[in-house]
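Read through the structures below before going on.
The following pair of complexes shares a single chain, chain A, combined with chain B in the former and chain C in the latter.
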Partner chain A sequence: MTTILESDAATTAVPQSTNREGLIFEHSKRGRRGYQLPDLDVPEDAEALPASLRRGEIVDEVEVSEVDVIRHFTRLSKLNVSIDAGLYPLGSCTMKHNPRLNEELARTPGFALSHPLQPDHQVQGNLALIWHIEQTLKEIFGLPRVTMQPVAGAHGELTGILMVHKALAKSGNARKYILIPDSAHGTNPASAAFAGYQIKELKSNNRGTVDIDTLAAAVTEDVAALMITVPNTLGVFETDIKRFAEILHDKGAYLYCDGANLNSFVGIARPGDMGIDVIHSNLHKTFSTPHGGGGPGAGPVGVSERLVPFLPTPTVEKREDGTFYLDHGHPDSIGRVRAFNGNFNVLVRALTYMRSMGPDGLRRIAQIAVLNANYIRARLRGSYHLPYDAPSLHEVVFSDKLQTPKDVHTLDIAKRLMDYGFHPPTIYFPLIVAGALMIEPTESEPKEELDAFCDAMIAIARECEERPELVRSAPHTTPVRRLDEARAARQPVLRWKR
Partner chain B sequence: MTNLPDPLTSVHRYISNASEDVREMLAVIGVDSIDRLFETIPDEVKLTALLDIPGPWSEIESRRWFRDLAAKNKSAVDHVSFLGGGAYLHYQPACIDQLLLRGEFLTSYTPYQPEVSQGTLQTIFEYQTHQCLLTGLDVANASLYDGSTGLCEAVLLAERVVHNRKKVVIARSVHPQYTETVRTYVQNLGYEIVEVGWTADGRVDTAALREACTNDVFAVAVQSPNFLGVIEDYDAIREIADAAGAVKIAVITEATSLGILTPPGAHGFDIAVGEGQAWGIPTQFGGPYVGFMVVKEALKRHMPGRLVGETVDVDGRRAYVLTLATREQHIRRGKATSNICTNEALIALGANMYLSLMGKEGLREVGEQCLQKTAYLRKKLSGVGSVSLPFDGPVYNEIVVRTPFPATQILADLEHEKILGGIPLGPFYEGHENDFLVAVTELHTRENLDHFVAALTAATSRERR
Partner chain C sequence: MTPEDSRYAKSHEYINVEGEVGTIGITEYAQKELGDVVFVELPQVGTQLEAGDELGSIESVKAVSELFAPVGGEVIEVNERLAEKPELINTDPYGDGWMVRIKVADLSEVDELLMTAEEYDEYVETESH
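Entry: the complex of A and B
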């Protein structure tokens, strides 16, 4: 593959694009049909709906057959790369293998056809499942309760910070600020703002972590919480985390952990033992539920004892006779954060995974994820600049500093990787690294895949020296090449029109 | 110091690298054990024993345990279900789930790198188009978590565009769990939520709405068909909201209704927001579902969540890309239009497939069948002496049924007949302990409906004794 890419043909030939598939609306042909319903078996009542409420034809809605639909979506699917096809090393996204047993069990009719407003006695299986996954997460977190209601990481963040707010307000002063390191994900400040707080940013030190002194100086009586990702977005563990908790707790503030990177220490250490008061976990990261092109996910939130009264309602409780019920009676609860019972069928998948892994398997996730990331770090060191030298866990962040003298940048390297058949790493994040390339391989990747990726990265580094234009103009072999993103934003076309 | 298993000898079917790989990799890294890689985690927080959780289970053991659990539920598997209330059992075409299981859709990430994500991007663009056509509005996003959080986002959006107002009017007939969710979301933002009730027909009380719509109201939210199943008079509500200068939000929890009812966009509403579950998504105990939001052109830069736009590549080929990202949290951080990141892309893709397969005619026919079967049931029930239908406004596929007895009692009787007969309204509305909500879809046969009527008749006469 490398030899073909290095030949001049790759730079000059017309890109060998997959057949471009038109929009489903463009396949539409009057009179085609993709469905059949049984004939209406009740007498038709012409007055069932006042004429003024009845819409006319849905103009431009499609008319296609099942064949058209299957061909269309199958062809479109081929324009995606995916974890099923190979390494997808997006840092902080934990693109791991998605076991198919999870999919099978989530489709068990008893789960799939149950309704969210059934009375408790009819859905004992579902309530038991929610109860069991909470027990398992309690043990993983080392915390006394976990709400399974939030449906995404950011939703969990909002839930967690609302609980902090309510707890503080109840003790007399909700306070004003949430402290957030400059290496944090964007969802952290956004969630804190929607929960009613202002943000104070903490500067990272030269290890990319937070200094105790910096934190101690920032924690005033106005600070409600520190919101911190552990390990941080450089993959570096905050070694002083327990001290952070003490400093915050001494001032009556809370320690919030963004659990996006839980994959690096699951089964090795527990947030609760570090003094963390609130943590959300993205089940679509650490616990293998598929990303599906951007969701669904789930973002359960674990809390320390003093936040338990503020958990969202309802909670799932177990009676002494072994039956389960939804408990709506928590007077200090922040309230419901979503209709119904969270992303229940994501919970089925995640619990399936937790059971498949077991205690040693969960620990092995962290061990091999960290081994894989450090292997990449060792192999790419020298070819790419490592802006922070501190030991890292599950991900490694390089920069384009060695390549910029040739006017080749992170974006170019990312695009060139596509020609080698790999999805690029996360780029230009964290913001504290100029031209960041954030690589997270996860435990799923076999050594051969890691080697192929590293070989590609090393080959690209060489291309940056010898044929920078080849890299700058990449990708060359993808279904489409670089897009005019400015045009998309300047003259937005957000829907098809005839 | 501990009796933890040796990572060199452990093995798991989901993790490729085994002992030989681990040894080779450690040598390249230059350390002698995996534990050395974890030295930055202080010993004082490190576990010295394995977690106390079950497993590892083989597929055989997992199947056994999870299937046993699922079998403990009563559900539409072995009952005829009339449950709705924001989650509906509709026909699911067979090919959709099989397409959704394609790894290229299932196991890809958010399409941040458009050159290798055109499949996901184009399907989102199509989904956005379907939403616009169905609601009669201009700009749709890639999806939100669900209908309830969608309403939260709509309220937050409205507050941003109408300056210096803090009051929002929400009809009491909006799904009560949606309104509860809004209360949670805005609890620290200083908003006041004013609820407006209904009149005898089950429609929003327009006199009360007029009174509530003072000039400090930034938005009015109504649901149609509402939680009582009744279709609202959009025009009357629009006029009142317009007089106050408020943003008009239409909430839709039964998305198939858009196949047959005049859409909110045609009545001058600014935002249509709702739950797309009815478009062929399983009820699955409440999630994952898919929230949709469609707004007028003028509001597009205030939209929460992801948007996909059309552009061209360097060779001039049409292509799709995430756009207007300066609204979003990864760029704007604390000043973003929403904190949403992960959304419900795969569920939105399923909805897109459903809408394409059913198409122009199928969406109308599903709507017509729901409408006709509900009308049939309504007529039949009106002939049962002990049953009354408290609201006489127009309905789509849901009705409130009242008997002289507590709804929970009647529903327990129906359960004996293998009927999940409805949702009691008592927990949602005080004084409605004898009422329950009954939903009918194209899946119900005439026989199902007749059996329901007979069982209900029997139950009420049994209770009478």
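Entry: the complex of A and C
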């Protein structure tokens, strides 16, 4: 799958892309149609609609045939890089293989064709599914309840913080601050601010984790919660997490865990046992559903006993006779956070995955995800700088420190990786690492794919030494070359013009 | 060269004080680390700031970063040109790329809280990677 430029000729006479697929507008031909309508067989009445409601001529309306449309979008789809074509190692936001069995079951007519406004007794299977996935997540989290309504990880964060807010407000003081370490996911401060809190950042220590003393000094009666990503964005587990919980609970504050990285400890450790009060999980990364950004997503939130009364409504409950119903009767609930029951069809996929893996299989996911990331770490650590040496779990963060003396930077390395046929890793995040390259392979990659990726990374490190210009001017083989991102952001062209 | 007539914060803002008016921007090192700046969010004139308060944010092709007030004071002017031309921060951080002018509340903060050019250069040296 790789195209590697080895000759100098290739760098000077770069083959210009021959497969530029124009916009659909550029394929337009006057008068071309993708449909045939029968002739008008009633008298035409031009005045039947008032002029104000009639559409005028659309300038540059696209006129194409069906075959034009199909070929255009098929050619575009071939330019797309996806997990179905190869490793997609974006640290933090990684993609893993979505088993096709998930898709098969999500298309079961009972699930796919039901309507969210059907009465409970007609959709018992759907309610049962929501109930069962909650039971499974309760067991995984070690927490008493889980809401399945939020439709993305960040949505789960907001839901969790709103529950904390309501619980504190009910006890008389909603408090002012949320503490967030500098190694957290970027959405955490946004969610906390959106819920009305001010953010106080906690500096990481040289292991990349939060210090007990730093935390203890920061937790006052004004602090509502600590929002901590476990394991954090360096892939490092917060080994003092239980102590964090005690410090917070002593002051009446809550411990929020961003559980996006649950894939590194599912089936091995339970957040509830760590003293965590709220945790969200992005179902895509651990339970193989479509990715949030590419959507639709799901970000269920588990809570400790103290927060159960504040869960979004309705909840799905089981009667003694085995039937299920929607319970709207929680007076302290923060209310709905999403129409209907969240992205129900994503839940079907996730439960399919949980059930096909089983408890032992889920534990194995975590083990292999950690093994794969550490394999990459071990193979690349001679070629790239490892800024934090603490043992890491599901992902590994390198920097461009060894390459900067040659004036080659992280962005160049990422672009060059595209010439080797790989989707680049996450770059310049986490912010606590200058020139970060954040790699998360997931458990779905075979060793051959990991080796091909590492070979490419090692080859690029060598190129940085021997032929830095080749890397600086990459990519060379993609449909478009280096894009002018600054100009695109400063002067975005959002409409096609002839 | 880091200008010697300014003082520097650990969060890479500079302030150039003349009389009781301080001109604030980000340093050459900061603009280089950020890469091409595409958007700047600045405070309203009249905003009262304490040292360390969030002053605004700066967005580059790499990331969005917060700006902090190096010392306390009242915002008396913001650089309106940056709305149209944020790249001035990249091309001339200490000149046309300035961001905010404040009336410094307590001039002693300038010496107490901030670094000289020489100290800042050393700080950058040890901090960078």
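We adopt the following convention: the second predicted complex is superposed on the first by the 442 of 498 C-alpha atoms of A that agree within 3 Å, B and C clash if a C-alpha of one lies under 4 Å from a C-alpha of the other, contacts with A are read in each partner's own complex, and residues count from 1 in each chain.
One rule holds in what follows: a contact is a pair of C-beta atoms (placed from the backbone, for glycine too) under 8 Å apart; a residue touches a chain by one contact, two chains touch by 3 or more.
Quantities reported herein were computed from a predicted structural model and do not represent experimental measurements.
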**Request:** Check whether chain B or chain C contacts more residues of chain A in the superposed model.
**Result:** B
**Request:** Figure out whether A:Ile368 sits in contact with chain B (first) or chain C (second), or with both, or with neither.
**Result:** first
**Message:** After the superposition on A, what does A:Pro475 contact: first (chain B), second (chain C), both or neither?
**Reply:** first
**Prompt:** Touching A:Ala434, do we find chain B (first), chain C (second), both, or neither?
**Reply:** second
**Message:** So in the superposed three-chain picture, is A:Glu485 touching just chain B, just chain C, both, or none of them (first/second/both/neither)?
**Reply:** both
**Asked** Between chain B (first) and chain C (second), which, if any, makes contact with A:Ala217: first, second, both or neither?
**Response** neither
**Message:** Per the contact definition in the header, classify A:Ala192: touching chain B only (first), chain C only (second), both, or neither.
**Reply:** first
**Message:** By the touch definition at the top of the document, which applies to A:Lys401: first (chain B), second (chain C), both, or neither?
**Reply:** second
**Asked** In the superposed arrangement, does A:Glu57 touch chain B (first), chain C (second), both or neither?
**Response** first
**Prompt:** Of the partners chain B and chain C, which touch A:Gln122 in the superposed model: first, second, both, neither?
**Reply:** first
**Complete:** Going through chain A, the residues touched by chain B and also by chain C turn out to be 429, 485, 489
**Message:** With touch defined as at the start, can you tell me which chain C residues reach chain A in the complex?
**Reply:** 33, 35-39, 59, 61-63, 65, 86-87, 128-129
**Request:** Mind listing the chain A positions that touch chain C in their complex?
**Result:** 385, 387, 399, 401, 404, 428-429, 431, 434-435, 485-486, 489-490
